[in-house]
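Each in structure tokens, the structures are laid out below.
Both complexes below contain chain A, partnered by chain B and then by chain C.
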Partner chain A sequence: MEWDWAFVREIMPTLLEGVKITILATILGSALAAVLGLGIALLRRSPNRIVSRTVGFLAEFIRGTPLLVQLYFIFYVLPDFGLLLPPLTAGVIGLGLHYGTYAAEVYRAGIDNVPRGQWEAAKACNLSAGQTWTHIILPQALPPMIPALANYFIAMFKETPLLSAITVLELMNQAKSVANTYYRYIEPITLVGAFFLVISLFSVVLLRWLERRYGKVER
Partner chain B sequence: MIDWSGYLDLILQGALVTIKLTLMGSVLALIMAFLAGLGRLSRFFAVRALATIYIEFFRGTSIFVQLFWAYFVLPLLGFELTPLQAGVLALGLNVGAYAAEVVRGAVQSIGKEQYEACTALNLGRWQGMRHVILPQAFLTMLPTFGNNAIELLKATSVVSLISLADLTFQAQVVRAQTGNTLVPFATILVIYFALAMLISWGTRSLERRLSRGLDGVRV
Partner chain C sequence: MAAPIIKIDAISKSFGAFKVLDGLSMQVMPGEKLALIGPSGSGKTTILRILMTLERIDGGHIEVEGEQLYHMQREGALVPASERHLTRMRQKIGMVFQLFNLFPHKCVLDNITLAPMLTKGMARAAAEKRAMELLDMVGLADKAKAMPAQLSGGQKQRVAIARALALSPKIMLFDEVTSALDPELVDEVLNVMRKLAAETDMTMLLVTHEMGFAHDFADRVLFFDRGKIVEEGKPDDIFRHPKQERTQSFLKKIIAAGHRV
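Showing the complex of A and B:
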């Protein structure tokens, strides 16, 4: 089987449509994961044992099971309970939930790295719990986490082809439908790989920059 | 009322395939990790370059694309693979690339004085690696290897998409035959989680065993 450049040109617009959806899913999923992760990290520190234990176990459970099965669960099981989600929404929720549990670990480490003295100083200044979090702890804890979070978001980007299994028309699904129409697999599947490789290599450069910009903790 | 006993049998068969894939994939990943991880530390530029290309390529493209490439494109180039072979190959090479970085990091974390001691004892490069560096580095690698094995277990769910009858695939079969979605998917989620717990318990006890007698030697 020969590599056919004319065929590549022909299928390019379809694949680019898929790239758009892939990037959209990654961005929405990352935003959801960033918020959920913070929520999970804060709830795990709750003084209420029942809350912190339950959230801790759920996060552990989500992290220990495959994303694909979770996507199936959201897409196929939730409609039985009256919650019918469009494929892309289900995919974004799945990605956000799965990577939110990873992000929670990053937040936990970042929050633990804020020196004790800062907590004590906040207490000495008579700040409330909410004020302590928003004005003292999070502004110090967040910047050093950025590279680690970005790392997980790149990993999430590479998992987006799984969304094709719940009928989201992202890059992989477009490639598969093109391949099934023309009975040529070599170009579409190889191009999907090339797209991912190129975007990943770019994001590695971005990650290095983030590490230089935010990774160092100024004390 | 649905009689679940026959379906349970189906799910258990799937579990067996998942376990087989995880074990075989892990063995391949371990071999690749040591080859590529030590390759990146080689004296020879060609070996270093080859190892780096392998690692960046497999970390840069997603497991999903690699699996599809192995299953759909390799046959066109003359390598006919069964779904199981394609699955083990893609999983092993993908996770091996991640684990290779773990091997490299662990070997580099061993103190300079250990290498100097090797030279002082007149050990060759390979002898020093085999008897002094690797036994110490392996202990550092173990916890991360455990996490990698769990990632591999979770990635096995993707092989259901190339029609290999693993847990996820069998759950889909049960869903198609019974029309019930909650029971099959909830069951396999629990099985995946139990397997992940088993892996993390296994690595923890192996770590305890291997570090016996090393108290005080290691920091």
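Showing the complex of A and C:
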């Protein structure tokens, strides 16, 4: 089989549509994971045992089951309970939920790395619990964890082809559909790999920059 | 005679199986400068931490300015204090730590203005004006925009003192504030504290291994061992003529270790 540049030109617009959806799903999924992760990390520290245990168990459960199964559950099983979600929404929720549990571990480590003296100084300054979190703890905990979070979001990006299983028209799904239409696989699938490689490499450069910028704190 | 500003009544505190304080009672008069000395693990730092509400007590009562610290009156009975009550009581007390604990992500000025603005609703301009006066007092007015990481240990500790003063506490707690400093930086911090003692009528409690400073600074010295006050009295009596055998052997060891008396 020969590489056909004319075919590449023909399918390129369709694949670019897929790239857009892939990037959109990654960005929305990352944003959701970042917020959910923080929520999970904070709730797991709740002095209320029932809250911290329940959230902890749910997070372990989500992390311990495959993303593909979760996506099927959200898209194909939830409608049986009356919740019918559009494919992209279901996909973003799946990615955000799954990676949110990983992000929560990053947050946990970042928060634990803030020395105990900072909590004590905040208390001696008579700050409330909320003020201590927003003005003292999180501003110190967040910057060092940005590289680790970004790492997970790059991993998430490379897992977005799973969304094709729930009919999201992301890059892999678009490539499959053109391939199935023309019975030519070499160009679409190679291009999918190339797109992922280029975007990943670009992201790694960004990650290195983030590490230099935020990786270490001065004390 | 005036009423004591701090009244500690039979408090106890354990860390796991280790009983740090066992039925300790003591009183502090308004404006008094108190030095707490003794071997490590004797409970002196724990007392400061309990007064700052960084540790809870297992039993007993503490009154600050005639009000219960860890309890409050409700329908005629004493009940455990609410977070709101603790917040109100904490306004009376400030603390300076051994390891400074400055907020590393905020410049010197913001370290000092943060709490007055957040907890007292002070306007930025007023908070900054007060902060500059305090920085001037500790001799660091030119470092207002510096980040903590750019300061020496002595400078950090002077900023930490200014930060605690910014909330105008009635009682200041100093927990081994020179222990983490290089020897040549100790005096700049002690000088600030001398100035503070001379210029204000704040009540000051000081845990220290600087016996010479404790001698000059304190109105009263308390020697602690195993969670109990073994001996207390005027600095001259404790340092020159200790009566208890344990006090004598502690002071001997401290002098042998090269601390100035």
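Operating definition for what follows: the second predicted complex is superposed on the first by the 219 of 219 C-alpha atoms of A that agree within 3 Å, B and C clash if a C-alpha of one lies under 4 Å from a C-alpha of the other, contacts with A are read in each partner's own complex, and residues count from 1 in each chain.
In the analysis below, a contact is a pair of C-beta atoms (placed from the backbone, for glycine too) under 8 Å apart; a residue touches a chain by one contact, two chains touch by 3 or more.
Being a predicted model, the structure only gives us computed values, none of them experimental.
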| item | value |
| --- | --- |
| Which of chain B and chain C A:Leu83 touches, first, second, both or neither | neither |
| Of chain B and chain C, the chain that contacts the larger number of chain A residues | B |
| Contacts of A:Ile186 with chain B and chain C, given as first, second, both or neither | first |
| Which of chain B and chain C A:Met12 touches, first, second, both or neither | neither |
| Which superposed partner A:Ala121 touches (first chain B, second chain C, both, neither) | second |
| Partner chain in contact with A:Val35 - chain B first, chain C second, else both or neither | neither |
| Partner chain in contact with A:Val51 - chain B first, chain C second, else both or neither | neither |
| Touching partner for A:Ile136 - first (chain B), second (chain C), both, neither | second |
| Contact footprint of chain B on chain A as seen in their complex | 1, 61, 64-70, 72-73, 76-77, 79-80, 158-162, 165, 172, 176, 179, 185-186, 189-190, 192-193, 196-197, 200-201, 204 |
| In the complex with chain C, residue positions of chain A that touch it | 115, 117-118, 120-121, 123-128, 131, 135-136, 139-140, 217-219 |
| Chain A-facing residues of chain B, complex | 56-57, 59-66, 68-69, 72-73, 76-77, 150, 153-158, 160-161, 168, 171-172, 175, 181-182, 185-186, 188-189, 192-193, 196-197 |
| Complex interface listing, chain C residues touching chain A | 52-54, 87, 90-91, 93-95, 97, 99, 101-105, 114-115, 118-119, 147-149, 163-164, 167 |
